[in-house]
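Chains: A, B, C and D, in written order; residue numbering restarts at 1 for each.
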Amino acid sequence: MEGRVRRIGILTGGGDCAGLNAVIRAVVKSAIGKYGLEVWGIENGFRGLVKREIRPLTPSDVSGILPRGGTILGTTNRDDPFHFPLLEEGRLIYKDMSDVAVENFRKYKLDVLIVVGGDGSLKIALDFWRKKNMPVIGIPKTIDNDLDATDVTFGFDTAVLTATEALDKLHTTAESHHRVMILEVMGRYAGWIALVAGIAGGADIILIPEIPFDLEKVCEKIEQRKREGKRFSLVMVAEGAREKGKDLVIQKVVEGSPDPIRLGGIGKYIADRIEKMIELETRVTVLGHLQRGGSPTPMDRLLATRFGVKAVELAVEGRFGEMVCIRGGEISSVPIEMAVGRLKLVPPDCELINVARAIGISFGD
Amino acid sequence: MEGRVRRIGILTGGGDCAGLNAVIRAVVKSAIGKYGLEVWGIENGFRGLVKREIRPLTPSDVSGILPRGGTILGTTNRDDPFHFPLLEEGRLIYKDMSDVAVENFRKYKLDVLIVVGGDGSLKIALDFWRKKNMPVIGIPKTIDNDLDATDVTFGFDTAVLTATEALDKLHTTAESHHRVMILEVMGRYAGWIALVAGIAGGADIILIPEIPFDLEKVCEKIEQRKREGKRFSLVMVAEGAREKGKDLVIQKVVEGSPDPIRLGGIGKYIADRIEKMIELETRVTVLGHLQRGGSPTPMDRLLATRFGVKAVELAVEGRFGEMVCIRGGEISSVPIEMAVGRLKLVPPDCELINVARAIGISFGD
Amino acid sequence: MEGRVRRIGILTGGGDCAGLNAVIRAVVKSAIGKYGLEVWGIENGFRGLVKREIRPLTPSDVSGILPRGGTILGTTNRDDPFHFPLLEEGRLIYKDMSDVAVENFRKYKLDVLIVVGGDGSLKIALDFWRKKNMPVIGIPKTIDNDLDATDVTFGFDTAVLTATEALDKLHTTAESHHRVMILEVMGRYAGWIALVAGIAGGADIILIPEIPFDLEKVCEKIEQRKREGKRFSLVMVAEGAREKGKDLVIQKVVEGSPDPIRLGGIGKYIADRIEKMIELETRVTVLGHLQRGGSPTPMDRLLATRFGVKAVELAVEGRFGEMVCIRGGEISSVPIEMAVGRLKLVPPDCELINVARAIGISFGD
Amino acid sequence: MEGRVRRIGILTGGGDCAGLNAVIRAVVKSAIGKYGLEVWGIENGFRGLVKREIRPLTPSDVSGILPRGGTILGTTNRDDPFHFPLLEEGRLIYKDMSDVAVENFRKYKLDVLIVVGGDGSLKIALDFWRKKNMPVIGIPKTIDNDLDATDVTFGFDTAVLTATEALDKLHTTAESHHRVMILEVMGRYAGWIALVAGIAGGADIILIPEIPFDLEKVCEKIEQRKREGKRFSLVMVAEGAREKGKDLVIQKVVEGSPDPIRLGGIGKYIADRIEKMIELETRVTVLGHLQRGGSPTPMDRLLATRFGVKAVELAVEGRFGEMVCIRGGEISSVPIEMAVGRLKLVPPDCELINVARAIGISFGD
């Protein structure tokens, strides 16, 4: 694993989001076109490294994928090689398959592995780098935009667009029926999507995990609007929003667990409560997976492209163990260990929150 | 109530859908501009006729509303004047307020009432015409496109667009994760939205009320796709789809009743069953009210405009008790009694179903 | 060329439009899945039949192409095999290569050729059928929707959507600046796109080839709007619109000829004249090729799918020389000779024109 | 003009762009809701201040305008009060009407004027502040994103989206026909829109004012793509792009001058030249005013809202003569004189340019 990088492996892990294909395309185009390297794609996240689902990627493989959502490499939320699920005699057991992964890495003559993933995948990448001496480069991916090490991640802008367009649609129907419309969006720990799309879509109330809400205050805002002659209200709620004084309204939903909608969710909880408290028709829409799909916005395509080009640059420079990021508009990099496990939450007194309050948006606090 | 029509009243009733504003605009523009009449808008459906929520509409009131969803007049699913909800000494009672409505109709010197509404609102309109001799003209409105008297209604094309775009988005994420994605759309009795958007969006399985499904067959199709190397499947399901041999899978959801999502729904039911039967990650998205909102498609704006212009024409010609419709591409009219209570279901052996089957779509039968 | 059809050839000819890929997909899916046939794709229109640019099409070739614009087979406006352009000793000559095409048809063991094309391509198909006894099936393609033999063609709905969205965008900027905004859309002989998108997008004036305009009347309408306090006007103009009393304002633009924008066009002509006549800022936008591209609307995907399935059905039934069509909502077929050379123009006194006039739209006549 | 601010005036000047209504809404909502001030809207830019086209703005005036393009106040590119066009005895003369404007400012008891405008409008605002002691606050507006004092301006993201979507559409049609497709976008001095949308939309060649192009190099890139089997190329060109060694290809188009399309433009020039040089069908699309219109993206709505809130804050704090801006993600302000007349061009060796080159995009240099 020394000397000049000649062959790059790339995989995508965790939940998909808009921009993954743009990253893959940028890695392939710049690695081959600028540096004369080879790129191999590993399918279905780290699972492909264990199972040898690996294939060369050429410019024609990435032709036309820029405007397409998802990832041509496939992804999975599970299948950590250090704790790999196997069926043995009909029983599910977990086994450390990391050495198999490293062996395959060598067998395929890869010189570096670019891991595009969220906190979970980046931790695995870090383990491979630290414990197995396997050269890795990280590219952050979190649709919730909650990674502290980078100002923004691709996929976020597209999710915000989908959420804002949904709010625009609910606006007209809320207005026509004099109803409370609740839109539940992603954001387990951080309320960025709810906050940004809430301001952009004209929400009256925004509920985020960082500012526990009080349902009395929520209803008060709705009543106040009624008194001002507005007989409808739009409530934007992050899936991880929680009620003041209660630890967690609903059982935490973890990645790979059953579908949030089928558990019920925070949106439904709030709707039920509001209807009881103020006798106003209330409707819930849960955006769910619609936020992940669709053609990436120009800004997500651009950021993903910049990240992909930078990752190849880091690989060529041998700066293994680093992760690309963007800070104050500048593309840069940080050690992966500085990135994992550090959430970027919405500061309750930040400028965006104050802007929202200034134009009359309530946070239910 | 004889002689020439000079003043037209217009109201919108039932659930909102894309195109209502285009109807109102066309009525106002053609009544005033072409015939020199006056138009008065009644707010919040028939309720406004009882409560005198009535105001004149001028061309400037309808300026700029063509591309906007919803209805500037407001609407309601309730408040039938023949069975009007009233609070008396704290108790909710129902009273016949139809004479009050007729009185207001006269007081405001209206010569004809244009009712834009679904089956429920049109029945009320018919009662006013027959029992109270109040001149009415009907304009059909059903997002489900399930009215027998007209080939198509406005709002349907927009709902199909929203559903197709959602399927497009789910496609990329399903593909990336090797999942079964279920999209639940409107269609209580008729599966038109599911059928058309399902074909247009590339669904693998479409479940509609008219063709009861067998979950074994649904799973068989998914397994067959897996054998062909496609590790994801897209299932489009109408909210009223039902399982073979069971009368109704889920308690019927009626207009004005609690929110379908909060009851759970057919999508969730199918997802739970599939996951048990074939151990494949399954995700549900319920489109809900997103199908009603948003800017109407050009075709919905056009159809709504044609309906509005025709309704004014009928009013001027004194053809009361009739409803505008479109048949074989031609705008026309029918007696309202020929329209209400007659559903247009998807014939299980129609050309669209056969086309879907020809390209490999399963109906789970 | 007798007996049962086993192998279908398919080509796309003429200008591209939204829905071509949906046709190809439906042909491949239904031919293989329903009838167990083979499908071979001929690239770049009839040129591929002469040049042997032919390849088998499998279900995986058409996977994922439903929402994509364009044609995976490529197309061309030229290269008629009966009059084929060849370079001989540096000079361009035209030669009859139809026998080479027929020979290749046989060599590749094709049993029938499905030709998706406009008037030009269908005429060539007809010649192959009549003069060379080569079995063909036609699928009509004209974005202008001007083919008499079918009520509607795919691609039209998408073009109308693009034109309507453009008008929506111009509306806000026209309104802000008090300008006359002119939008030039496709429609050489027939003004369907301008008419439908004009009504749907709220145009004030619509100029189509079927109703020669008088610039005095156009200016009159703009002045009248100014007097009513509306300081902007939206003019939708079909590229083939023409001034009363003049044979043709601008040199006719034929397919394959230099780019309309570079010739100048009717939009520019009208803008120059209006500015001189009434001293009002006037701006022109020429939509051009944007109308052909983009993801097809659900209705275009549906119609294209129905056409594709029907074409295979006709092939299997041996109904050569026919072309699929839709009439009164029913998919059907007609002899190709009944289809070519017959334009469907906008009747100047049809219902759509009257609807437009009823809501105050001027046709400049 | 001393003491506490009680009444704010606001006007929008220059070319319109997406987000102006969001600014107005934020100013009205925060001024009234947070500070209890009054807001008066001045119509049609500075003209309204001379002509007394002034009216109070209430929360209901700005209800529902967030998703709408344009400006409810109207705007104009002309009508500088210091050099005001007047008709006197049939002749157009220019007169200094700035004192009339100041008088009206006092008459309407305005305490501060918020000017939302480009370089031209901000210069006028500065003159009022410096020469006439009229308190002003600036909000920058330039769709080209070429103002040095702020990292980004609203309207840019929406223009980029429109340009990228256009490129996506042209992609499918270029691909189908094997053509060179040229898209001309805004950007007189700075090529930001062309650069960002070009990368995001997968352009093969991007031509911007900052990097003079050589047509030989442009054709070389197209030929190279042909050799690699790609028979189409997408060229994104900013309206101000210029050829190496020539001072200016085309006569400079200035604001308020005749329509660029009607002059011909750089896109047409390049197309003509390419067709001559390499005999390949070439088509041009000029986006023009479509880039200004349409519903603002969420990011533009958000930035416009933040600017509006900040402007009111500056007004309340009495920080007259300043202009809001965003730097490194932080909302801030600068003296207006630091902002006007300073263009932010694309540095020819910046990271974005290098990213574009790394993935194979040519700048024709």
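Throughout what follows, a residue touches a chain if its C-beta (ideal position, glycine included) is under 8 Å from a C-beta of that chain, and two chains touch if they have at least 3 such contacts.
Just so it is clear, the model here is predicted, and its values are computed rather than measured.
Peer 1: Of the other chains, whose C-alpha centre is the longest way from the centre of subunit D?
Peer 2: Centre of mass proxy via C-alpha means gives B as farthest from subunit D.
Peer 1: Measuring centre to centre with CA averages, how many angstrom lie between subunit C and subunit D?
Peer 2: Distance between chain centres, rounded to whole Å: 35 Å.
Peer 1: Please tell me the distance, in whole Å, between the geometric centres of subunit A and subunit C computed from their C-alpha atoms.
Peer 2: Once rounded, the distance between the two centres reads 41 Å.
Peer 1: Which subunit B residues sit where two or more other chains touch them?
Peer 2: 168, 171, in rising order.
Peer 1: Viewed as a graph of touching chains, is the assembly arranged as a line, ring, star, complete set, or other?
Peer 2: Topology of the interface graph: a ring, with each chain touching two neighbours.
Peer 1: For the complex, which residues does subunit D have touching subunit A?
Peer 2: Residues in contact with subunit A: 25-26, 29-30, 33-34, 59, 63-64, 66-67, 151, 157, 160-161, 163-164, 168, 171, 196-197, 199-202, 230, 295, 297-299, 301-302, 305-306, 309, 312, 328-331, 351-352, 354-355, 357-360.
Peer 1: Flag every residue of subunit A that touches subunit B in the complex, lowest number first.
Peer 2: Residues in contact with subunit B: 12, 15-16, 20, 44, 68-71, 74-77, 162, 165-166, 168-173, 175-178, 181, 259, 261-262, 264, 268, 271-272, 282-286, 288-290, 292-294.
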